[in-house]
Amino acid sequence: MELIPGNSLVTATPEEGRKLALELALHSIYAIQPDENVLRAGRDVYTTDPEELIASSHVVAIEFATIAAANNYWR
Amino acid sequence: MELIPGNSLVTATPEEGRKLALELALHSIYAIQPDENVLRAGRDVYTTDPEELIASSHVVAIEFATIAAANNYWR
Amino acid sequence: MELIPGNSLVTATPEEGRKLALELALHSIYAIQPDENVLRAGRDVYTTDPEELIASSHVVAIEFATIAAANNYWR
Amino acid sequence: MELIPGNSLVTATPEEGRKLALELALHSIYAIQPDENVLRAGRDVYTTDPEELIASSHVVAIEFATIAAANNYWR
Amino acid sequence: MELIPGNSLVTATPEEGRKLALELALHSIYAIQPDENVLRAGRDVYTTDPEELIASSHVVAIEFATIAAANNYWR
Amino acid sequence: MELIPGNSLVTATPEEGRKLALELALHSIYAIQPDENVLRAGRDVYTTDPEELIASSHVVAIEFATIAAANNYWR
């Protein structure tokens, strides 16, 4: 599985950039743990645990910072 | 639900930028966990746990850093 | 309650910038949890727990990085 | 073991940059803990624990931010 | 107690910049928790807990990033 | 003990820069906790705990981001 869908950080809009940030964060997890059964079991845990939801959103925020800079903040 | 309300990082003032940062952090959570019942239960937990309140404010700080840079710090 | 006291990131000195960073971090918490009783109880916990004091200082460091950049490091 | 494969941050594409980010994160761990038995046992733990998978993806996101800036975001 | 000793981020050398980073991190803690007895008890805890030592060094790294940028990396 | 070996962030190569990042992270710990017995005991803990290994690599990633910027990414 590719790490960066489309192999580019350039997106037309901030919304697309935000989607890409979510994808990058997820694809990192897939790269570290490719077993879908393990991931599915884990998803039931982290998506219902506030602390882990916050930690996930933290990673998205950092990925988005990179993508936003790559797109010169869509200015 | 959109990830970035208004599909732009540009805001008129720092205060609006800070509100957007809070929204981005929240919308990440909604994107990862769309079930409102789960979110409502989780909210009762994280908003009364200092460690998780601090972790939430941490994400807001990172989102705000991106938005502030996007607006050239409203200089 | 406003998120950014004075609705500006510009301060005259680094010391004022650091105070603003502390305020931004706190005001995020107030925005997420407006109930003062909950906050007061939480304060007794996190201000006496080294791990949470460190986590708080971490958020201040990130807010300050943004404010310092906004003020071109007061050079 | 080298810390930076190829001793360069420059990559041809974002995908290669992302791979390098994963490698940098892993090579840090090897440098801190060279014992492969310890690492193998640890891998079984962190790759099945959502919290640690998220923490790992967090490090990748930071490494990638550096590599992306090094490559001027492959613009 | 002042938050930023000397009310400036400018230092003559990286070593002085690193010292300032350590001071900023500590002064944040003092600002959040001014009670010296609480701090002394906490110090015995976090300076003997690897996880909290690592978390402390994490804050120093972020403060240093800001100070290094403020000094244009002493180039 | 000095905080920054060589009192400079400039290195000839990324690999040297990465080594410096590891050293900066370690020297922060020494500065916070100078007692070698405590450090040795702690090392046995954090180098065999995946969560703390990940947290350590996180600090290295941040230190490296600063050093890479200081060296203009060795471009």
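Letters A, B, C, D, E and F mark the chains as written, and numbering starts fresh at 1 in each.
One rule holds for everything that comes next: contacts are C-beta pairs under 8 Å (C-beta built on N, C-alpha and C of every residue); 3 or more make two chains touch, one makes a residue touch a chain.
What you see is a predicted model; the values in this text were computed from it and never measured.
Engineer: Going by the touch criterion stated earlier, list every chain that contacts subunit A and also contacts subunit F.
Structural biologist: Per touch definition, common to subunit A and subunit F: D.
Engineer: How many Å are there between the centre of subunit B and the centre of subunit F, using C-alpha atoms for each centre?
Structural biologist: About 31 Å, centre to centre.
Engineer: How many angstrom lie between the CA centroids of subunit C and subunit E, rounded to a whole number?
Structural biologist: Each chain's C-alpha centroid was found; their separation is 15 Å.
Engineer: How far is the middle of subunit C from the middle of subunit F, if each middle is the mean of its Cα atoms, in Å?
Structural biologist: Roughly 27 Å separates the two chain centres.
Engineer: So which stretches of subunit B touch two or more other chains?
Structural biologist: 49, 51, 55-56, 58, 62, 65, 69
Engineer: Building nodes from the protein chains and edges from chain pairs that touch, which of line, ring, star, complete or other describes the result?
Structural biologist: Looks like a ring, each chain touching just two neighbours.
Engineer: Counting contacts the way the document defines them, list the chains around the ring, subunit D then subunit F and the rest.
Structural biologist: Once subunit D is placed first and subunit F next, the ring gives D, F, E, C, B, A.
Engineer: List the residues on subunit D that touch subunit A in their complex, please.
Structural biologist: 13-15, 18-19, 22, 47-51, 53-58, 60-62, 64-65, 68-69, 73-75
Engineer: Could you pull out which subunit F residues touch subunit E in their complex?
Structural biologist: Per the stated touch rule, the residues are 2-4, 7-10, 24-25, 28-29, 31-33, 38, 42-43, 45-46, 49, 51-52, 55-56, 58-59, 62-63, 65-66, 69-70.
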